Amino acid sequence: METSMSILIGVLFTIGTYLILTKSLLRIILGTSIISHGVNLLILTMGGLKKGGPPLLGESSTTFTDSLPQALILTAIVINFAVTALFLVLSYRTYKTLGTDDMDQLRGIEDE
Amino acid sequence: MNNLVILPIIIPLIAGLIMILIRKKILVQRIIGIFTIIVMGMVSISLMNQIKENGIQSLQAGGWEAPFGISIVADMFSAILLLTTSIVALFCFIYSFSTIGREREAHYFYPLFLFLITGVNGSFLTGDLFNLFVCFEVMLISSYVLISLGGTKLQLRESIKYILINVISSSLFLLAIAYLYAITGTLNLAHLSLRVAEVGQDGLLTTVSLLFLIVFGMKAALFLFFWLPGSYSAPPTAVAAIFAALLTKVGIYAIFRLFTLVFYHEPQITHLLIGILGAITMLLGAIGAVAYWDIKKILTYNVIVGVGFIIIGLASFTSMGMMGSIYYLIHDIIIKALIFLLGGTIIHITGTSKLKDMSGLIRNHPYLGWMFFIAALSLSGIPPLSGLLGKIFITRGTFEAELYWLGAIGLMTSLMVLYSIMKIFMNGFWGETYLSKEMEKGSMTKSMTLAIGCLTAMTIALGLGAEGIQVYVQHATDSMMNPHEYLEAVLGKNPIR
Amino acid sequence: MSWLYLMIFIPFIFAIFVPFIYKLFGTRIHTGWFVFFAPLAVFLYLLKYIPMISKGESVHSKLAWMPSLGINFTTNIDGLALIFGLLITGVGALVVLYSIYYMSKEREALHNFYVYMLLFMGAMLGLVLSDNILVLYVFWELTSISSFLLIAYWYQRKGSRNGAQKSMLITIFGGLAMLAGLIMLSMMTDTYSIREILSKVDLITSHSLFIPAMILILLGAFTKSAQFPFSIWLPDAMEAPTPISAYLHSATMVKAGIYLVARFTSVFGGSAEWFWIVSSIGLITLIYGSINAVNQKDLKGLLAYSTISQLGLIMSLLGVGSASIYFGYGDESSVYAFAVLAAMFHLINHSTFKGSLFMVVGIIDHETGTRDIRRLGGLISLMPISFTITVIGSFSMAGLPPFNGFLSKEMFFTSMITVIESPVFGMESIGLLFPIIAWVASIFTFIYCMILVFKTFLGKHRPEKLDKVAHEAPIGMLIPPMILAFLVIVIFFFPNVVSEYFLQPALIAVLPGFAAAGGIDVEISAWHGWNTELFMTIGVIVLGAFMYYYLRKWSRIYSYYPQVLTLNNFYNQLLAGMEKLSSKLTKQYMTGFVRDYLVYIFTFMIALLGCSLWLSKGFSFNATNDAPINLFEGGAIVAMLIAALTVVFSKSRITAIIAVGALGYLVSLFFVIFRAPDLALTQLVVETVTAALFLLCFYHLPELRKEKSKVPFKVVNLLISLGVGVIVTLIALSVNNHRLFESISYFYEDSYTLAGAKNIVNAILVDFRGLDTMLEILVLSIAGLGVYTLIKLQLAGREKK
Amino acid sequence: MFTHFLMGCLFFLILSILAALYRVIKGPSMSDRVMALDNIGINLLAGVAILSILLHTHAFLDIILLLGILSFVGTIAFARYIERGVVIEHKHSE
Amino acid sequence: MSISTQSEILVGLLIFIGTAFSFLSAIGIIRLPDVYTRAHAASKSTSLGVLFILFGTFLYFVITDGYISIRLILGIFFVFLTSPVVAHLLNRAAYRSKVELAEVSIKDDLKEYLKEKDA
Amino acid sequence: MKPNDVILHSVTKVAVVIILTFSIYLFYGGHHNPGGGFIGGLSVASGLVLLYLAFDIETVRNNIPVDFKIVAAVGVLIAVLTGVSSLFIGKPFLNQAFGYFDLPIFGKTELATAVLFDVGVALAVIGTAVTIILSISEDG
């Protein structure tokens, strides 16, 4: 499971990176989203998979999966959500103000 | 256990939140802000003294013992940075009064400013890797908002790049944390140090440490600085100044912390690499600074040079070099804020950032001119201003580590820095005056003069009165070169394995 | 307890008050009168040390600056420092006096002028008096900076600015090199004190850094003293007001390098490298300066090149003199030590005659409005006093009796002949060049001295070419050069007084080996009989006069020298080239396309991590500990892959967004599979809200276009993204097989007893790691504020109005 | 036996999700996509229900309702968007 | 036959029915010609399927643990409540955004109604 | 023809009640079951958003006159302040005086602050989520 998850995460990273390297702003944001999914899964995988029941006491299981990565991911998800929201709105604002979502045209003239 | 340690994080946070509640009362916000930053400074001074007396101060948040809860740790290095941060923040804050504009003020500029400081202080204080990530994010998201606050075209365009790069680096940061957690099973820096020391830093750990280096390198503008020149030229002056002064320094701090506390076992790989990256950073930064005839560009590339120079002190991994780095770090924070404020003021007055469009400003603005001159000299480490000691000790450190080329590049770039910065002085302030006072786009106000003047005085005082902080810097160096002190302060005498 | 260090501060303290004085008295009383007292006071104070120093003693005092770092403001005055100190303050006082008449109190910004000047004076004093090498460096750079300000005093002029920049860049470059050298010295000896360094010479000579440190320190000295090829800054520095030129180039700035070489002779001297570098550079500079001086049309330019040449002379003397250390103390060494004595002597002499000459040139400039030799002539009748001073100065410079230059020139020849007579360091064959170069250079020196005197004062007076009606200068302006000219003659007649009180102590300071003997036993006199030196001098005069007479005929040779090959051109090209190259390079990689930056970053990451993983053999793979995988999970993985690929290939934005949403939902499915209910909940909600946000925003964003990019572009993207994926996977696999410790999470399983919570994750979030959560919601709130301000505050639209 | 049976059901649910995913990608109209998405949400909800039987835990029961809520809100938002081009109206046009 | 086996059969049956409905509707989603017909499949039969499955789950927990999950009841109720509304809104949106009916359609009442109203 | 939203409006009213009930449940259950402040807050927010969707901003604002930015700030403030107070309780020297004997009471205190902390989290989440969605919708 860990192996296949690792490979899956690799693929997610590949796709995310590929999207980030394209020109369309929307694709780029989607790329960051995919990468962050990959990261979250990776944190979970790195905590070890299926080592026990859900980290809830009072349920039937006596062993639990690693709870710390879960807490970390939870924080990461929220932060990532905040950043994505801001990023999205920013790109929306940019498009409305500058009239483009093409990163090439957002280059800016370095000499000016 | 010392609750003082958490205050630098809590105070600006609470103040910022209160400011949100009283959105319309801008004057009150200003007063709260100044008061907050001053209190923060006082807390850091008392922290410094406590550390000097009793060693590293730490606090286990929530009272949970060390590797399990989050440790807030203030060693001398962090405390010094905290103090410097509050000083710089204070003056940038004051500078912003008359330059930032009503609209930005009404749109949460001041709270965001304080949140940025919260993040910075948090990053300096935290003793937990994941909490470091969170603090970084607090800082970053405030910086995202600050950089785009106002929504001018330039700001929007550059902030997109800025956010994108930082989002990626944050993802990589998490990646690195995940790897490290899988290997060591812990997040507490001290505990990490303990565990890494126990098994030795093998190849995989070194690889992970390099991933950390990349992540922090992106934040610190160490080699991976490409995003920086654009981003720092976009926001208003006060924001650009605080960015230039603090944001990259947080990355540098993280590199220092990680590579002196955790990954210090393979210096011939990691620290040499850091040195090479530092050298390239300095060179490219200096080349960039020389290349342009635009104030903003020149200044931002100088930020990059500073980063490289600080880092090579770490690369030397000698106590001399480390001491130099700390000196230079303090100097760099202050001087970068100062020089950005000065540059911003020039642009404010002339309405342009192109050197070829301005001339002879010194006739109407002698004080500005001379303060710029002093700042320029200080920036390039000309004695007896604040850059001197850092320069000497870092160079000596690299020599002691027999990295002569590194020291040589450092010195050479400081000449290029001087050339680039003097270009501004000679073209902007000297020459024929053809811009009369009436034709100027903006004027200098009291708050601007106060902020710039105080920072200038600071750089002079730091140069002449380095003895005053020597005890602290020495202390910081010693505890950085000797991680056991940190471990003991966080984990206690008999740490859990 | 001596208050010596206070003397250094007097100019600085004065400098602080100058602006106020200027403001107070402004145009009524010339500010110079107040400033005048600063150098005078120090000069008089320093005179007090003469008796003590002439006995070979030295005085030092200490002011703590950074005691814990060993950087203290230690002053040390010995013979060498005293000469310099007196020159700096003495000539300084005269220059201030001169400037009172030269600088108009109505038109000039005198406060700036005198502040710079006092800064410079203080820096020079500090430089020669400090015992701590870092403090020495501080003052060294301070002289560079203050001279930069002085040279650019008329900052409106482009020439001034360029000259200032040039001098600053070159001298600070040297300063940095010197700093590196000094740091090496301090590493070798573990001290910053010069006196302690001198006492640990044997530590240095055996050290591997000996040669680098030496070369670096010499670089500092050569740039400051305008030695070839760093001499180019000096002629351009003539853009400064003449009092400044007189001060900088006769007695102070350029002598700093000489001081440095003299100071460190006893450290590095005695080695062949030092001998060769110092003396040969000195000689090259000597001849280079003198040949170029002949070709100058500007009187100040001529003096500038003559300064270069004379400095080369002194430098070569010091170089030759350093051989003395090689021999230890003895007869052979005293022969060479004589050269050091000559150097010190010429140093003093040069200050006197060059100072007076500069001042006279300033007078000519001031009274006629030009310094161009071609426009001047026949001033003898109009300015007789100036003429007399010029004759004294020039003839002294040319090495004619009865002026002090003659004596030191003779000694210079003697030293050069010594090189042939008792050869060292492989001088046997090549040593003959030394006297020959010296002799040839002296001929040119003679020629330009004649040009200075005769072209200016004799010949036909052509008032129509002058901007002003020429007349003699006011007496106040003439007094300072007269005093110096007077000294020129006095020294000729009483050289041994100078020798006893100044030169011998200085010699001891340079060559401590002679301290016991109290110097060397030398009697300086004008007449030594018909020896080689005298014949050389006669040869110089005869041939020089001849060549001066036919100057017009042969000076055309100069015009054949290609402009491209001049050092100045080289410097300009270097600067322009550097800027151009930097600009090109920077624009090459700083394209402004964020994609390019990302490509660099990812490439770097792939390369670094890949190499590290490969070289350190960090990669390992072992799937035996893996958790089992079942069909359902496999299906979920496949679904995820499909969803992710859809994002890449979709042509419509909504498909892409939905696919990412699906991906998010699948992730939460994985969270369910991996027993993370809290995560699954959160992920679900967040994913939905994110999708909603995408929807809200993308209504305005344009439809996805087909990426119109070239194939290589796509290939690069693909390769990089594959690389990133592979690296991430490889490290993940290795890490998975490399779990070295048990996680700290076991602690949290007691959460019910510890925190009263049955949901461990929640307990971690709100309790064990509450700080994270607190900051996390802060992040969230800031993002909320950010979104709000982004939407509400739009200054962009208003820019247009 | 029961477990295997549930696994089989889950497999079919996955197939249903894939089918809906096909519709999401294929379109052709926006409504199709949204409808399919809603369908995916509902199917996921069912999947979670089965899974909680499989794992014999109450822990995921919240997810079911949450999924229902989100799918509802999300789909409404989509519908609004398709219909009016804005998601939330500032002032009702009536 | 123990109580658990009985319950398993009961629950299994419910879930089987639910899954079957869901799967059938999935086929419908793929096969049916236009958005309006597909909406039938998507809303009606899927809702039914989900309700069966949820009910099965509910019963399972009631029988095995004696645990009456309020959340599940709420969930069932919620799905029951909202799913028709969703379908309605989506279809209306589709119609208003002028999605064509499939060619096999023979009658468009709303069009006629609207025409009437406009006229 | 104006679309009428009678069906939606009536269903929404019921649904929002369900959602809010569920949210409160999620929030309270957080300490022992999956859920907690974040999820609770988000589901409240989704309920609010549903209201905005079904009705319109003006109507909702008239009925719920709250500035959600302030809600967010107050939420964070609550979380921070509980953090600050619990820090003071968690101080060793305070602990040594009472905590040794009153461990159960100390435990209770912890519990209370944790819930309060969670309230802060929930408020912050609600405030932020609604602020973001409203800001965007109000534009354009």
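When the chains are written out, they are named A, B, C, D, E and F in that same order, and each has its own residue count from 1.
The rule is simple: a contact is a pair of C-beta atoms (placed from the backbone, for glycine too) under 8 Å apart; a residue touches a chain by one contact, two chains touch by 3 or more.
Here's who's who by UniProt: A = Multicomponent Na+:H+ antiporter subunit C; B = Multicomponent Na+:H+ antiporter subunit D; C = Multicomponent Na+:H+ antiporter subunit A; D = Multicomponent Na+:H+ antiporter subunit F; E = Multicomponent Na+:H+ antiporter subunit G; F = Multicomponent Na+:H+ antiporter subunit B.
Please read these numbers as outputs of a predicted model, since none were measured by experiment.
The minimal number of chain-to-chain contact steps leading from chain C to chain D is 1. Ranking D-F and C-F by contacting C-beta pairs places C-F first. With every chain reduced to the mean of its CA atoms, the largest distance from chain F is reached by C.
Chain nearest the geometric middle of the protein is B, using mean C-alpha positions. Distance from chain D peaks, on a Cα-centroid basis, for C.
Chain B and chain E, compared by their mean Cα positions, are separated by 58 Å.
Put simply, the C-alpha centre of chain C and that of chain E have 81 angstrom between them.
If you average the CA atoms of chain E and of chain F, the two centres end up 32 Å from each other.
Separating the centre of chain D from that of chain E, both taken as means of CA atoms, is a distance of 11 Å. Multi-chain contact residues of chain A, defined as those touching 2 or more other chains: 20, 25, 42, 45-48, 53-54, 56-58, 68, 74-75, 78-79, 82-83, 85-86, 89-93, 96-97, 106, 108, 110. Residues of chain D found to touch two or more other chains are 17, 30, 56-60, 62-63, 65-66, 69-73, 76-78, 80, 83, 86-87. In chain B, the residues that touch at least two other chains are 13, 20, 61-62, 130, 134, 137, 141, 144-145, 148, 151, 153, 156, 160-161, 164, 168, 175, 179, 181-182, 187, 230.
Of all the residues in chain D, the ones that touch chain E in their complex are 2, 5-6, 9, 12-13, 15-17, 19-20, 22-23, 29-32, 34-36, 38-39, 42-43, 45-46, 49-50, 52-53, 56, 58, 61-62, 64-65, 68-69, 71-72, 75-76, 78-80, 82-83.
Residues 54, 56-58, 74, 78, 82, 85, 89, 92, 96 of chain A touch chain F in their complex.
Put simply, chain B touches chain F in their complex at residues 1, 3, 6, 10, 13-14, 17-18, 20-21, 59, 61-63. In the complex of the two chains, the chain C residues touching chain F come out as 677-678, 680-682, 685-686, 688-689, 692-693, 696-697, 700, 755-759, 762-763, 765-767, 770-771, 773-774, 777-778, 780-781, 783-785, 787-788, 790-792. The touching residues of chain C, when paired with chain D in their complex, are 630-632, 635-636, 639, 642-643, 646, 650, 652, 654-655, 658-659, 661-662, 665, 669, 672-673, 675, 677, 680-681, 684-685, 688, 691-692, 695-696, 699.
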